[in-house]
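One structure below.
Chains here go by letter, A, B, C and D, matching the order in which they are written, and residues are numbered from 1 within each.
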Amino acid sequence: MNHMKSVLFLMVVAMLLLSACGGGSAATSVPEQPGDATEVPATDAPASEKKVVTFSWTQEFTSLSPLYSTGWFTAVTQQFWNCWAWNYDENNEPYPYLVTEMPSFENGGISEDGLTITLHLRDDIKWSDNEPITSEDFRFSWAMNIDPKNIVSSTYPEDLVTSIDTPDAQTVVLHFDTPSVAWQSLFTGIVPAHILQPVYDAEGTLDNAEWNNNPSVGCGPYNFAEWESGSYARFVRNDNYFDAPAKIDEIFIRFVPDDTAQTTALVAGDADLGAFIPYSEVPRLKEAGVEIMTQPSGFNEGIFLQVSEDFSHPAMLDVNVRKAVAMSIDFDSFNQDVNLGLVKTPGSFWDALPYYNDPPVEPYPYDPEGAKALLDAAGWVDSNEDGTRDKDGVEFIIQHGATTREVRQELQAVAQQQLADVGIELEILNFDADLFFATYADAGPTYSGELDLQEWSDTPSGFPDPDIYYWLCSEVPSDDNPSGTNSFYICDEELDALIQEQASQLDPAERQETVSKINQIFHDKVYWIGAWQDPDVWAVSSRLTGVKFSGVTPFFNITEWDIK
Amino acid sequence: MTSALLQVTDLQTRFHTPEGIVHAVNGISFHINEGETVAIVGESGCGKSVSMMSLLKLIPTPPGEISSGTAIYRGTDLLQKSEREMEDIRGKDIAMIFQDPMTSLNPVLTLGRQLTESMREHLGFTKEQAEERAVQMLEQVGIPDARRRINEYPHQFSGGMRQRVMIAMALSCAPSLLIADEPTTALDVTIQAQIVELVARIRESLHMAIIWITHDLGVVAGMADRVIVMYAGFIVEEADVNDLYDSPGHPYTLALLAALPRIDRRRDHHLKSIAGSPPNLLVAPHGCPFAPRCEFVIEKCRQENPPLIQIEKNHSSACWVDVKTGAPR
Amino acid sequence: MVRYIVKRLFQGLPLLLVISITLFLLMMNIGDPIATMGGRTITRQSDRERLTRQLGLDKPISVQYLYWLIGNDWTKVDSDGDGIPDNYGTRHGILRGDFGTSLVTRKPVTELIGERIPNTLLLMVASEVVTVFFALLFGIYSALRQYSVMDNIMTALLFIAYSMPIFFVSLMSMYIFAVLFKKWGLPYLPTVGMFDPQVGKTPWQIFIHMILPVFSLSVTYFAAYSRYIRSTMLEVLSQDYVRTARSKGLPRRQVVYIHALKNAALPIVTVIGLDLPFLLGGAVVTERIFAWPGMGRLFLDHVSRSDLPVVMGILMLVATAVVVFQIITDIIYAWLDPRIRFD
Amino acid sequence: MNNQTPTLSELADDLITPPLTLWQLGWLRFRRHKMALFGGVILILLFIFAFGGAFLYTEKYANFNDTSQRLLAPSAEHPFGTDSIGRDILARTIYGGQISLFIGLVSVIIETILGIIIGALAGYYGGVIDAILMRITEAMLNIPTIFLLIVMAKFFGGNVPEIEIAGRVFSGSVIVIIVIIGATSWMYLARIVRAEFLSLKENEFILAARATGTSNSQIIFYHILPNTVAPIIVSSTLSVANAILAEAYISFLGLGVMPPTATWGNMLESSAKYLDSAPWLWFFPGMLILLTVLSINFIGDGMRDALDPRSRTI
């Protein structure tokens, strides 16, 4: 005992070295742990025989299951191993994938009253375990989505479907109470009934299904292989794929937490593909020979104006004043300088949908003198000569709130200075996203009435469908409606009617007319000011060939990609 | 006269502190013969411990500095030796025991370990041999049940016991010189006597020289052959023990003796304390350092520091005044 | 001894309870977890109401805490939104080892944390070892040569290192060892991640990816520890028993490494022992800068989405580790110091 | 530097030093502490930089942006270069420095007040009050500070309007940061104060004061507290450095002071992106933080040696 103790005494240092060995052995044992070391590309047969591409994701996906996934990166990753009923091409046009043709009035897929939609499935489609994909899988996917025992991420638009009939294995009949354009957003990913039905029967929920994070069976060109949280995920070619097999053998996704890391990896050739490239990183990438591809995905960065008798600054109720605000900020120069001329200032919320942005709406030009004139005319003058305009004793001080994203803060600073030049004082505020978008019930900042200008990037909700809903009067939050999303408190009867109308117009031509009217109202009444187009920005290594992107299903032609 | 075991000449030790240079020892010279016991007496801060630690080069340098002097031990100068060579002297030839037995033993090592390590180092003993010897030593210094207690830690012993352990430790390599730095000061009076007696007994059996540092003249009366009195880093008087007690040759010694309770004094005799406080060693000595407190002070004392001169056989004193007559020398 | 440990553990429990209640109250206002669940778009009203109910976020805070603490499998909950409790809950509560399920990833929190702990420990233990090793080296060296030129230079350097914000060290080291070295054509170090996917997760890869984060983490702690060890050693070296050991003619080595270091080890071990549990939490800033997939990054990722179960799980894990390590440190201290006995 | 000069009593036996008050002695010791003096000079220069610089550049200029002048390398016109929207970094470090130093000082005042009150109450009254307060202290110490800071920053981050102080407009997050730094850092000080109170309250002069019926608050504030000033000052000085660092960390993580108010910390926030393309973005604010923390640490160390020689450094 005594001897032992004196040994330990001497080993204060050694003790720590011991723990070092612990650390060291952890390091050496790591490679053996997840999957076999033999699966790691480098230790496998000659790397040249195997085509491996590395994609870098700045955010890790959450769950892989289409039911539980949230966020863009998850949805995008599904393109590798899961499948949608229809895909979208590089023009964001849908084309049939699991179905034989897109349902329409013409081919009878959509009934005259718009309440029944019939999908005809291909008969050669199958899961990666060779089980056929049938109408039952479709029905099961839908049923699981709306099952209250599953805490899925979103039940929209599945909850618009009242029932599904499956007369045979290749026919899926959807029934609606009211015609809805949102049908196009159905079946964005399906789940295998033959795998998950037993799980649901046993557990009463799919929430904890192992398949969610380890989807052993899929239907895409690749199979899920492994996923190590915080580090990487791997997908290998699905040899049972029902379409033409992919040319690249393996997709390695590496999670890098920030843009700098991503750029470094791309420049060094450690990554072949990067998504969500900030414009500030573009010059470095181009310089290194990395190709930058942009693909409209419906998103536009924009300023949402709060127009409410109850909350807004009185000046903002005047449409001419709102016009003046729009004319006071030099978005073009900002996009030229800070966004490096890669994007334009959008005039319309539907900027990425030329079909609906027709006739195209142009943004208000940068015209501080014109803005001053408008403000003067509206009665907002600097009567007390403190540098800020005022009227009836009320100073023209408005608030601009956004999340903490850097480029937004930069625009805020620029806007603050430019608005000051025309005599409007802008207070700028920033919040974390989970605070910024907190609800009326949680007294989120956008609902407090404090923020006259609210800035984020958004898209028509069913892109490439032009549907929108925030501005509906029914979305105006109140104590009775605490989850309403209309943080602008805009209840414009004309607008409300038009938004409701387009939502059930299944005929594209009629729809185009309605949306154009909405588009014009947005512009004329200045409910939304476009800041910059926010397309998907991809960085693609020059060694990749055949690369195309869609703004909806980005990897629609992943099977055609190859390595030089 | 036998040749000196240790001859110290002009030893000077200073400390470089942020406040300035502390002149702790200012050129002292003395000797000690084989088997002789010399007591060094003085108030706290007079430099007696520092001078002894200087001999063994135990002064932390920096800030300490042995600025001059020689210490010839058996023909070689200790002060010229390297640290490595000193390691062979310390504990083996010259051992030391310290004032506070409570803090002088390492609290986290067993007594056995602390007792045996110098024997293993200096005498090349095996662990078993050293332990055997350690038990003997402990028994010799009066620790009962030594074989068991050797595995215990210092905190399991009382102060007196610890000082006995310290003595056993110091004597384990049979040194020819033992420096005892106020070994009894921290102890109870009864224990003090036991320790003094113990050291005296061992001295006989080992034929060992002892330098006994103390601020208490009473303790040394019974055992010292010679007494050296130090003040402010100087030796102010040196004499055989009886000469010193009978006819002190320095006012400081006189004052020290006056502060001592004596059995032959009348009960109502008041003990005298020495007025004033010891000098500030930061100031370079000028004149006699005791002058400000001295009853016999004359003008010369303030001008010039008196050298140590022989006043009788084996009796030297550093004073411009003959304390017996009060007249200048 | 066993009684002492049990007693200390029971003393720790109320403390952890207080911590958990306080943190839970704070959690209620750190943001809306459902706000960001819609991905890039705003969560729909119907989904929000359903999720709030299904995740139990509509319950009063006391009930939410209770469910978190002891689970809800003993009571019926309303899962379909008709206002009538229908099914027994499925949660067991943290007291029974169920940390809950992440609101964001729907994975069990224990799994999420479990995946990250090895990475964090790898990084943190490595830097602790590097730190302590060099701190002992430097601390003892400069204590033995107090006031020497080297000691003064080192003290000044340590002060600078001690004052370095970790992100500054990180950025500087990345700039020098990755950017500039690359520019100069020297072998340069990787800056982010744990390994290069092209090469695979080999020990060598992990090692070279660890260098910069370990360096950045070590600089500050190294300085603090060195200064602590130096002053502890100085204090010990001025003790009487060290003088005794020297007066016995023991070689310097033995005096320093046996007599002095053994005593200095007591406070040093204490400091290290009390610091160890904090390693679990990882280094938030360092892991973020170097993209290290550890607990710190997990915390940041999930706190930014108000993922209460994960955030609470990490915080409670660290708090518990602190309590446990205090006890362990006490026991080791007592074991090392013969003066302390429990009985 | 840690001037571990052995006291004279350790060297020689005892040496009488001329009687000096704690403060005289402290100043003597401090003055000798070369690094502390050096730190003092640097800190004064930093204050001159941050507050004197305001005479060279207006705040409006510090916030003036021109996107066509972005990311310019240091030049005669912009000695520290420009940032991502063309603001002058020198001017921003000046105004950012004011806020950083302000946050450091004010949050330490809060910390000190909290620490003294909690430590004094616990130490003086003992018993249940002590047990409860020390449990809370322990609880706070059980969570790594950076986690506490993040959680509290989010807790208070919900709604922070701009505020106006002395004619200048700040983001309300300045106040939030000050409060949360103060609220997460008082624990060590509370422990120090408690320990001092525990040892002092049994002293004769306190017992005497009690015996003569002096009220508790008087004893606490007039009798005991003045005797604990030295360790409090040392601890608080070092805390300023920690507070400035805390602000930088939390701002670096994007949870700190919000724009348009610049601080050295939030200037660093997104600069990692420009690691190699525009290193001046992170170099200057980073360097200023380092210098400030360094100089305060020097001063704190000097003060510790001067006023509180017993304490051990870490």
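Rule of thumb we're sticking to: a contact is a pair of C-beta atoms (placed from the backbone, for glycine too) under 8 Å apart; a residue touches a chain by one contact, two chains touch by 3 or more.
Being a predicted model, the structure only gives us computed values, none of them experimental.
S.K.: Counting C-beta pairs in contact, does C-D beat A-D or the other way around?
M.R.: Of C-D and A-D, it is C-D that has more C-beta pairs in contact.
S.K.: Tell me which chain's centre, taken as the mean of its C-alpha atoms, is farthest from chain C.
M.R.: B
S.K.: Distance between chain C and chain D based on Cα centroids, please, to the nearest Å.
M.R.: Computed value for the inter-centroid distance: 24 Å.
S.K.: Between chain A and chain D, what distance separates the C-alpha centroids? Give it in angstrom.
M.R.: 43
S.K.: CA centre of chain A versus CA centre of chain B: separation in Å?
M.R.: Using C-alpha averages as centres, the distance is 87 Å.
S.K.: Hey, how far is the Cα centre of chain B from the one of chain D, in Å?
M.R.: Between these chains, centre-to-centre, one finds 51 Å.
S.K.: Among the residues of chain D, which ones contact at least 2 other chains?
M.R.: In chain D, the residues touching two or more other chains are 6, 154, 158, 272, 275.
S.K.: Spell out, as numbers or ranges, the residues of chain B touching 2 or more other chains.
M.R.: Residues 60, 63, 108, 110 of chain B each touch two or more of the other chains.
S.K.: Give the residues of chain C touching no fewer than two other chains, as numbers and ranges.
M.R.: 30-31, 146, 238, 258, 262, 288, 306, 336
S.K.: So in the complex, the part of chain A that touches chain D is made up of which residues?
M.R.: 258-260, 278, 280-281, 284, 333-334, 336-338, 404, 406, 409-410, 412-414, 416-417, 427-432, 435, 438, 443-445, 448, 450
S.K.: How about chain C: which of its residues touch chain A in the complex?
M.R.: Interface residues on chain C, with respect to chain A: 30-52, 54-55, 79-81, 87, 90, 101, 104-108, 112, 115-116, 118-119, 121-122, 125-126, 128-129, 132-133, 136, 178, 191-203, 206-207, 257-258, 261-262, 265, 268-269, 272, 288, 291, 293-294, 297-298, 301, 304-306, 335-336.
S.K.: With touch defined as at the start, can you tell me which chain D residues reach chain A in the complex?
M.R.: Listed in rising order, the residues are 63-65, 67-68, 70, 84-87, 154, 157-162, 169, 171, 254-255, 258-260, 269-270, 272-273, 275, 277.
S.K.: Across the complex, what residues on chain C touch chain D?
M.R.: Per the stated touch rule, the residues are 14-15, 18-19, 22-23, 26-27, 29-31, 146, 152, 155-156, 159-160, 162-168, 171-172, 174-175, 179, 224, 227-228, 230-232, 234-235, 238, 267, 271, 278, 281, 284-285, 288-289, 299-300, 303, 306, 311, 314-315, 318-319, 322-323.
S.K.: In the complex formed with chain C, which residues of chain A make contact?
M.R.: Against chain C, the touching part of chain A is residues 5, 8-10, 12-13, 16-17, 19-20, 22-23, 26-28, 30-31, 34, 37, 40-43, 52, 54, 60, 62-63, 68, 70-72, 74-75, 148-149, 151, 153-156, 159, 204-205, 207-208, 212-213, 228-232, 252, 254-258, 260-261, 264-265, 270, 299, 432-439, 442, 444, 457-459, 461, 470, 475, 481, 483-485.
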